[in-house]
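These are the structures, in structure tokens.
Next come two complexes built around chain A: one with chain B, the other with chain C.
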Partner chain A sequence: MSVEKMSVLVRLGKIPSKWLYLVIVLVVAIPIIYPFGTPFAITDATLAVYNEVEKLPAGGVVVIAGSNAYGFLIEIKECLQAFLMHVYSKDVKIVFISFSADDAMFTRVARDFLGISQDKPYKGKVYGIDWVDLGYITGGSASLAYFCKNAFFVTVDAYGNPTQNLPVMKEIGKADTWALYVEASAGTMVVTSMGVVSIPYKTTTVILNTAGWYPTHLPYVTAGIAKGMTMGILGGAEYEKLMGFVGLGHSGADVLNFTHLLTLVLVALANISYLGQYIEKRKLKEVKE
Partner chain B sequence: MALRFLKRREIPISIAAICIIIILLGYFFVISELSAAASKAQLTSSIIGATAGFVGLINVTFAMGRRIVRRQPGHWYFATWSLIITYATIALGLGYGPFSTIYIKYFLSSQAPLYSAMTGLLIFFLLGAVYRAFVVRSLEALFLIIPGCIILLGNAPIGQIISPVIPQISLWILNIPNNAAARGMTIGTGIGTVALGVRILIGRERIGAGE
Partner chain C sequence: MISTDPLTWYAAFLTLCVLSFLYRENRFYRFAEYTYIGVAVGNGFVLTMNSLNSISLIPIMKGAIDVILIQILALLILTQPFRKIYWVSRIPSAVQIGVGTGIAMYGAIGSDIIALMQSVIKDGLIGTPYQTAMTYFSMIGSISVLIYFFFTVKREALRGTIGVIAKIGRYFMMIAFGAVFANIILSRSTLFFSRMVLLLVDWLGIR
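And now, the complex of A and B:
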């Protein structure tokens, strides 16, 4: 059938990809350029993450681990930044460890954004005394399991300093003494860390997750193995709201609104088209009979 | 003769079996010697993991080098570029350190935007696929599409604005039917992993032995 002869119903179901892509670009770009500030509520799972940080004991150790590719990590960047602002405001020792090369760079970028560096104190926290970045460690689950028993397994930090010389390293101890374990990544490493850290050592755990992996890892939250979990860019927006500032997470929430609405509109158009064509065919069949 | 003996598949299978037994026993029984041996096995695994990077590098060099030498049409220039990038990254990392300003700038202007762009492109394919596939052609499709749409609305703030019930229904779908399926998958994966371990233990699994 030529395009001219197509009925409106058929056309609804056959929108050319180029027009579809143009609409997607507009729907993503407009809320980024002009944020609408759509109101949103804070979910219980995100609130639980916030509350766990609030409950941290003085001098407690917070281990922030992650492993993922940069493209997926970008979804939890806003959440990680808001989370770091929160954790750094507490009287705790912070340890960063990465199980992928991208993640090591990612946490560094998130810290740079907040102005956290090893050269100058941030919120009174000094590198080596109050926090340390152990960088990328190969070996995945085996390395994480060993790190849970002996933090000095990592001999040099991300900046090349011997860990023996860093006072904060002496306070890390075994995983059962950690005040909070943060899995700031999505994917299979979350499952691994539940089995290697959270379950055997009963360490309080929270997950900063992407929206795509959120349903897969939800059983760990409902079972109480992880105390809380944030969901992608919306989780970032929620954490920003809890911390009382408006960041890029809020723009992300607007983008989510528009893209999700567009998805629903497209589903509706495709189904109207299908239903219309079905009725037309039935009528045609009845006329012929 | 010695080389022939080393190539026997029983050797890697035995090593794997011994490591599995040590780690399993070290997990279930509190015996200091066993725990120490399990820790040693985990540490060795980490070291092997690090060494695997070098093996990968050699492998990539040979694979790409072959394409360049053979001037494989449509491939050799990509292979050349791949090798240049690989060795430039290594040189920068070794020369300046992975947390030096130059290395971070290099990463943030290459890997980070490329990977982010690649992930970002998914939205075009996903929305295109949803438009063409989310059509109620059967009753089963209806049962898939309705919860899908509710979760879509529940995951965006707009769902709360339309009706406060939508996020609740979305959460119920995620917590009850989704949880049931996800738990099934997790338990299935766990049992599968145990089965694989047992197969390695009894020498039935030969992939690790290079077969």
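And now, the complex of A and C:
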């Protein structure tokens, strides 16, 4: 191989990062403007979440807990919206509780998108009777452990109403009576909730997770501690598909397919360049000797 | 059509400020960074106060003795600046660490050790052929990675069969890190996607 050809390989690894950023912007922007509708399959883990909602008994309590950072809104929001559409169509009582300050806004954004508010009923569900938002509660794992025993330790809801006056609060009971516990979180709170809620109370649990934490928490699903789990915006796209509508999750699936292809190309180019550098170094060494 | 909502314009401006960091560190980026920190701290403070009102102040007003005692204990942490009675602040810290460790240990033993081991044993003995194969595969992975981190003897001394197992452990770790890395790319691409949706769809009205 000639020295000129080698230097092309070496130069591949020295493309200025600003050009790469521009390529990434184009790869993300084009599918947003012109959606391709790339196909995607529904995973067993997402289907399991859907099936657990389908199996909910009439009058059962669904507790949706979260401890997300607001920056990750897009990762779970699409899935949470589709999930809420599904859960609100069932004859169940719904309880929202947040264990991080950001998460209180997080669930509200998802509800606002669907038009769920305390002022008007959504799919026949009335605030205080069929659903309640308990807002942000400090204390993390200790508060979650206490909430599993006594929901009334939260004395006012997110809107400042005394919880004693809300009929839905009387339905909550201990964690072993909940029909479904939904951990709409990423990070360590998932681990905590498995040990604090799912194992001791044997509560049916599903996780709405971010893509980054998905492989870390997958053993909980394979071991049966959690019944199902969704993965970031792709999980959102899958849930949208199961609910039979096309939302932002579908655009996200498009973009992710293309960014992953780009990543593969970049990884391949970087490795080819590395190989080029290695061969060139050996050649120089041979020439010197 | 381009947005007429001032909040969307402000969000787009802050997004561009943050993205300008890709060019280099600059004042616009720092403005967005400080704004984010300010808003996050302000929001967190207000919501924490509301939470304390809900789970502490209202029960105290109603005379809940247990909550009053816990709050007295919590207030002891404020003795930290006073050198003579500084030691008192260690009591609430110790209680906090004790409770946190207790809950974490209870959870870790139940979910991360016992439940996962039960699953491995069950799948290994009575699972489908695929489950059994995957169980033994993951067992080989776990054991070989543990041997890789066996630091009692020098790494150079890990030769023969043990050395080969340690090497297999290294390959298992590489595969695991690769899977996590791929998912992190997925996650970060999604975050960038959300910013591009804001800029292209919500702000500029393209599409």
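Throughout what follows, the second predicted complex is superposed on the first by the 270 of 289 C-alpha atoms of A that agree within 3 Å, B and C clash if a C-alpha of one lies under 4 Å from a C-alpha of the other, contacts with A are read in each partner's own complex, and residues count from 1 in each chain.
The rule is short, and it goes like this: a residue touches a chain if its C-beta (ideal position, glycine included) is under 8 Å from a C-beta of that chain, and two chains touch if they have at least 3 such contacts.
Predicted, not measured: the structure shown is a model, and the values here were computed from it.
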Which superposed partner A:K202 touches (first chain B, second chain C, both, neither): neither
Partner chain in contact with A:Y159 - chain B first, chain C second, else both or neither: first
Which superposed partner A:T259 touches (first chain B, second chain C, both, neither): both
Partner chain(s) touched by A:A104 [first = chain B, second = chain C, both, neither]: both
Touched partner set for A:K55, first chain B, second chain C, both or neither: neither
Partner chain in contact with A:K283 - chain B first, chain C second, else both or neither: neither
Contacts of A:L248 with chain B and chain C, given as first, second, both or neither: second
Partner chain(s) touched by A:I233 [first = chain B, second = chain C, both, neither]: second
Contacts of A:K174 with chain B and chain C, given as first, second, both or neither: neither
Chain B and chain C footprints on chain A, overlapping residues: 21, 24, 28, 70-72, 74, 102, 104-105, 135-139, 142-143, 145, 153, 191, 200, 211, 214-216, 219, 222, 231, 234, 256, 259-260, 263
Touch list for chain C against partner chain A, complex: 22-23, 40, 43-44, 47-48, 50-55, 58-59, 99-100, 103-104, 106-112, 115-116, 118-119, 176, 179-180, 182-194, 196-197, 200-201, 206-207
Chain A residues within the chain B interface of the complex: 13, 15, 17, 20-21, 24, 28, 38-41, 43, 69-72, 74, 102, 104-105, 108-109, 135-140, 142-143, 145-146, 149-150, 153, 158-160, 191, 200, 211, 214-216, 218-219, 222, 231, 234, 237, 253, 256-257, 259-264, 266-267, 269-271, 274-275
Footprint of chain C on chain A - complex, ascending: 18, 21, 24-25, 28-29, 32-33, 70-75, 101-102, 104-105, 135-139, 141-143, 145, 153-156, 191-192, 194-196, 198-200, 210-216, 219-220, 222-225, 231-234, 248, 251-252, 255-256, 259-260, 263
Contacting residues of chain B [partner chain A, same complex]: 27, 39, 42-43, 45-50, 52-53, 97-99, 104, 107-108, 111-112, 115-116, 118-120, 123-124, 127-128, 130-132, 134-137, 145, 149, 152-153, 155-161, 167, 174-175, 178-179, 182-183, 185-186, 189
